[in-house]
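In the two complexes below, chain A is the common chain; its partner is chain B in one and chain C in the other.
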Partner chain A sequence: MSGLSLYVDQGTYLNRLHPYTKLLYVLTAILVPLIGGKKILFAVTIASSILLLIIGKTLKRAVPLIAFSFTLIIVIFLVQGLFFHKNEIPLLSLGFLVFYREGVMYAAGICLNILNMLLSFAVFVLNTPPQELVEELEKNGFSSKFGYVINSVFQIVPQMMKTKDTILDAQRSRGMETEGSLMTRIKAFLPLISPVVMSALINTRERAIALEVRGFGRKNKKTFISERQKLKGDTVITALLFSLLILAVVWRVKSCL
Partner chain B sequence: MGNLFKTKLNAATIVLIPACIGINYLGKLFASLLKLPLWLDCIGTCIGACLGGPVIGGVCGAINNIIYGLTTGDNITLIYALTSFGIGIAVGVTARMGFMETLPKSLICALAAGLAAVIISTPLNVMFWGGTTGNVWGDAAFAVTQANGLPVLLGSFIDEILVDVPDKIITIIIAFFILKGLPEKIKALYDVNAEVERLD
Partner chain C sequence: MSLIQIEHLKYRYPGTDRLALDDITLSIEKGEFIGIVGRNGAGKSTLGQAVNGLVPRFHNGAYGGKVTVSGVIAENTPVEEMCGHVGLIFQNPFNQLSGAAETVFNEVAYGLQNLGFPAQEIRSRVEEVLKQLDIWEYRERNPFELSGGQMQRVAIASILCMRPEVIILDEPTSQLDPQGTEEVFRVVEDLTDTGITIIMIEQKLEKLAKYCDRIILMEGGKVRCFDTPEKVFSREDLDECGVEPPAFTRICREYALTLQDGTYPVKLEDAERLFREKGVSPEKDAPAKIVSSGNEEVFRTSELDFSYIRNVQIFKGLNILLDERPTAVIGQNGAGKTTLVRLLKGLLKPVSGRIYFRKEDISGKTVAMLADKVGYVFQNPDDQIFKYKVLDEVMFGPLNIGMTEKTAREESLNAISLMGLSGLENVNPYDLELYQRKMTAIASVVAMDTDVIILDEPTIAQDYPGKRLIGNMIRELSRKGKLIIAILHDMDFVEENFERVIVMAHGRILMDGSADEVFAEDQVLAEARLQKPYITALREILGK
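Right after this comes the complex of A and B.
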């Protein structure tokens, strides 16, 4: 397993579920509040995602995934709360800054959506190895060439990261400055990146030859080394999620009529 | 025109895609390591587009964002796969038209990439973030436009232009120098018009 993936095998039920089931959960969690059109639904899906993260013992690892969005959320609240074009009713004033109700409500909608998307996706990413997803997709007729592309990224990137450390040390030992004014740092960029990039591109040639020799271009149907048994829960959960989606659509249509 | 999108789909181009995605990661990493105020996260996409053509460039960009989403858990990046796809196509097409031959010409290529990014990202920004981009300078500009009562779409558009166009210009310049230094033996691998001569 590469160091790039966020997945850690903990043997939980969520780990064993079929990747498609978890993908459908993400889809449902994102779409139901958007289709339903009520802010309270965000609270429900966000709570269920957090619950799933706790059950899957992944809550701690989910925090850094969500944390990066906080600065954005603050910016959104500032910009929309102060300057939203429909702003009328003042809500709160801090010195010369006046936050308006409409803007804050609008920002809250955006932020709930963002949090909901990030949390539900965290449930998926933290419990599914990407390789498994790619393999399942390939079994369903997804091009194996693109499957290879995705899998090999997970190998190539850690390799390049290692090369990067070597280059950084090598260039620093030659006296290259990587800190200081903006100009110095810009000047350092090309000497740092070009050796790694060059070697990566030159390696593609050898890699291509190696793949060609192993029959990469063959069009035969491939067989798979790992067989996975479908859990009973997969069918049940899939049916449940689908019915929730349909329910949301029906509810929306009804409330529009 | 058909030649613009002509693509070879052999082992060499397939292998090029992961390498380019690796380069994208690296660009982003070095940019943050050196604390540069730019993203520089599509150098690989541009290189891929110049070598393999618009289709490979677009695929590089799209898969890059998918993988980024899978490895950081940030599924909002997934939607920006559209932007990366557009950048790849724009660079690929302009490169095939001969705009990557000299440094001054490559600026046109950079503008095409920047415009593609702006046009695709702006509606996405408005839909998902209410117009902000997450870049300090761009968002400051957005706040100014909103304070002056300009429409959200226009504000977000200005926000994107300020952030994306300079970023793409630098990216293309870097890609240009890297491609210049690449041995002919590698470039020949991706030449669509190359003929394979059989000796048997």
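Right after this comes the complex of A and C.
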């Protein structure tokens, strides 16, 4: 499978759902807690995203994403807990470091938001093939040339990475040092980058011809061959997600009155 | 009226002053299989691209004359419209994949989708061509993960499903192994039965001669001759045009065996018949190739284990000894040839076991440490070229391994002359043709004056004069006591230039011996899916 796409076909129900339904889930999961304004809502959406990741058999693959965000989360807790401008009530002291309640609460808000966004996006990205999303967008009038650019990135960039490895080997074979001091690495830059760029340009030219002879420049309407049956679940879930959004707005308006 | 008519066609690429096509007039009938031959740079690809309108519509440049296909004038018709009449397939299978489809099925459907055909029709056409080309089973696979031969068949399928009247194939097999080549030729042969007109540019003349109705011989942008393969390959001026006649024609010419019309045969069957009628058998040439200086040990591996992915073993307990004899490593793609030479070069490290170079254990040495001892020419010259002058590019390696400026320059000029690039020292390598860039890459390694030179597919994209230069280089360096190891798919080239041949399949060495010994072993060749050199095959048939 292409190296850049995080999607792996697991044959699950989540895989089969329409990309728009999953996109609406992302939107709902992010907006409902923000509109609702209660931290408990974050807990609900985070829990539901984790549940969906488990159902989609993708939790394991989401772990690196979450682990990466933890670095950011720790920094936020440190900075806000120690230095938030509204800090008043001390919560915890470690030697000379004093964490304040206000700062910690503020940091918790930000971190819940980050985690919520990440997890809901993970549900989408890990369960939707990029080509499928692009095709659906194209069907709705998105430019097919732009669509090509997005699709080809997923296929062609990994191939370029392989080319880069070959070039590295070719130059090392001619006695070029690629590891060591900063100066050595700077010296190695030109012999590596020139062939990468040139071979990409040569390939692009050939690929342009290949696309041209297959009607790429044609202005008529493109045909789509994949038959995407809208699942019953798509309608039900879309309706449910919309009602949640409306409910959140109504709740917020009511609580403001 | 003929299907394709070309009248007084002249064309010059932008920014050049030489005519790439110079006053070409010819016509091709529906259903013909036409071959185009000539040296690199003779204008073969340009002529092909003029038929489908890429010249001049994509490339621009100065254009005169007229090309019509099925009554449509190529110059005035947009390429995307012309592609319904004329399909084009070229060398590099990888670059022909659109990059927009994640399955073979969608890749093949891509062109029809762009042209706006109804979905049902697209599905049935794609199914039809995938089955016709025997790649239906790969329909759900990612096209980028296929082998070269399979990828090239996908490229042919992608064009075929658009049902063009003419298909142009521009050296479609040059980057394929023997089996991939055979796959493509078989498919193209079947196509001619369906009434499609084929124009094929190809360096594998034995194959071309076997299938073509007529052949266009080109030189310097002009058509020298457009006639039957027998007539074209019997011409006296072939050498002048940088074309070596097919093996069967050469051998019959040597024995003065002609067909009734005075031409020499181009096919195995005809050559066989003539030899039988005359009651002679072709003698084996004197072994002019044995030239290496000694049999001293250069490389030795001991119980070598290697795998790229854990539990998927490529080599298990491999033991091999390489001496100074020029050695060819042959076998199908995936046999382990490249892995073996990369281990010798130090680009890969063995999982266990030892590699000795001149009796010294090099298993732990880095590539840079071995750079002054073992040279390696990569398959694609564009993977290494980065300087603006041929001479600077060639001097890069010698300077890296510590030669003085003066020695590096001397070695480089010698290497440049050996590879036939004299006079081009100050040219930008990117302005050279692919075959010249390949020679530049070989020169840049030869100039490092290493004990060993490893060549990965040196004959790809080379015409006859190019192959002759590489053959001379191998002899010259062997004579100086250097070990030449080459991975090759061209069996005739192997037979002519190598003393020792190693046959590999599935990470094992099936056979190791002289070219004669190896090519006499039918069973080994069958297991490694290799073919015999043409003359050896003829000699065997006659001997039976």
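Please note the rule applied: the second predicted complex is superposed on the first by the 231 of 257 C-alpha atoms of A that agree within 3 Å, B and C clash if a C-alpha of one lies under 4 Å from a C-alpha of the other, contacts with A are read in each partner's own complex, and residues count from 1 in each chain.
Definition applied: a residue touches a chain if its C-beta (ideal position, glycine included) is under 8 Å from a C-beta of that chain, and two chains touch if they have at least 3 such contacts.
Just so it is clear, the model here is predicted, and its values are computed rather than measured.
Chemist: Have a look at where A:Glu212 lands relative to chain B and chain C in the superposition and call it first, second, both or neither.
Modeler: So A:Glu212 meets both chain B and chain C here.
Chemist: Between chain B (first) and chain C (second), which does A:Ile225 come into contact with in this model arrangement: first, second, both, or neither?
Modeler: second
Chemist: Name the contact category of A:Ile202: first (chain B only), second (chain C only), both, or neither.
Modeler: So A:Ile202 meets both chain B and chain C here.
Chemist: Check the contacts made with chain A and report whether chain B or chain C touches more of its residues.
Modeler: B
Chemist: Return first, second, both or neither, reflecting whether A:Ile110 touches chain B, chain C, both chains, or no partner chain.
Modeler: A:Ile110 sits against chain B, while chain C stays out of touch.
Chemist: Looking at A:Ser173, would you say it contacts chain B, chain C, both, or neither? Reply first, second, both or neither.
Modeler: Second partner only.
Chemist: A:Met160 contacts which: chain B (first), chain C (second), both, neither?
Modeler: In the superposition, A:Met160 touches chain B alone.
Chemist: In the superposed arrangement, does A:Asp9 touch chain B (first), chain C (second), both or neither?
Modeler: A:Asp9: touches no partner chain.
Chemist: Of all the chain A residues, which ones make contact with chain B and with chain C?
Modeler: On chain A, the residues that contact chain B in one structure and chain C in the other are 148, 152, 154-156, 159, 190, 194, 198, 202-203, 207-209, 211-212, 216-217.
Chemist: In the complex of these two chains, what residues of chain A are touching chain C?
Modeler: Residues 1-2, 129, 131, 147-148, 151-152, 154-156, 159, 163, 166-167, 169-177, 190-191, 194-195, 198-199, 202-203, 206-218, 220-227.
Chemist: Where on chain A is chain B touching in the complex?
Modeler: Against chain B, the touching part of chain A is residues 4-6, 26, 62, 65, 68-69, 71-72, 75-76, 78-80, 82-85, 106-107, 110, 113-114, 117-118, 121-122, 125-126, 130, 145-146, 148-150, 152-157, 159-161, 164, 168, 178, 182, 185-186, 188-190, 192-194, 196-198, 200-205, 207-209, 211-212, 216-217.
Chemist: If you look only at chain C, which of its residues touch chain A in the complex?
Modeler: So the residues of chain C in touch with chain A come to 52, 54, 58, 78-81, 83, 87-88, 90, 92, 94-102, 106, 109-119, 122-123, 142, 144, 155, 158-159, 162, 342, 345, 347, 367-368, 371-372, 375-376, 378, 380, 382-386, 396-397, 400-401, 430, 444-445, 448.
Chemist: Provide the residue numbers of chain B that touch chain A in the complex, in ascending order.
Modeler: Residue positions touching the partner: 9-12, 14-19, 21-23, 25-27, 29-31, 33-37, 40, 43-44, 47, 59, 63, 66-67, 69-76, 128-132, 134, 139, 142-143, 146-147, 149, 151-152, 174, 177-178, 181-183, 185-186, 189.
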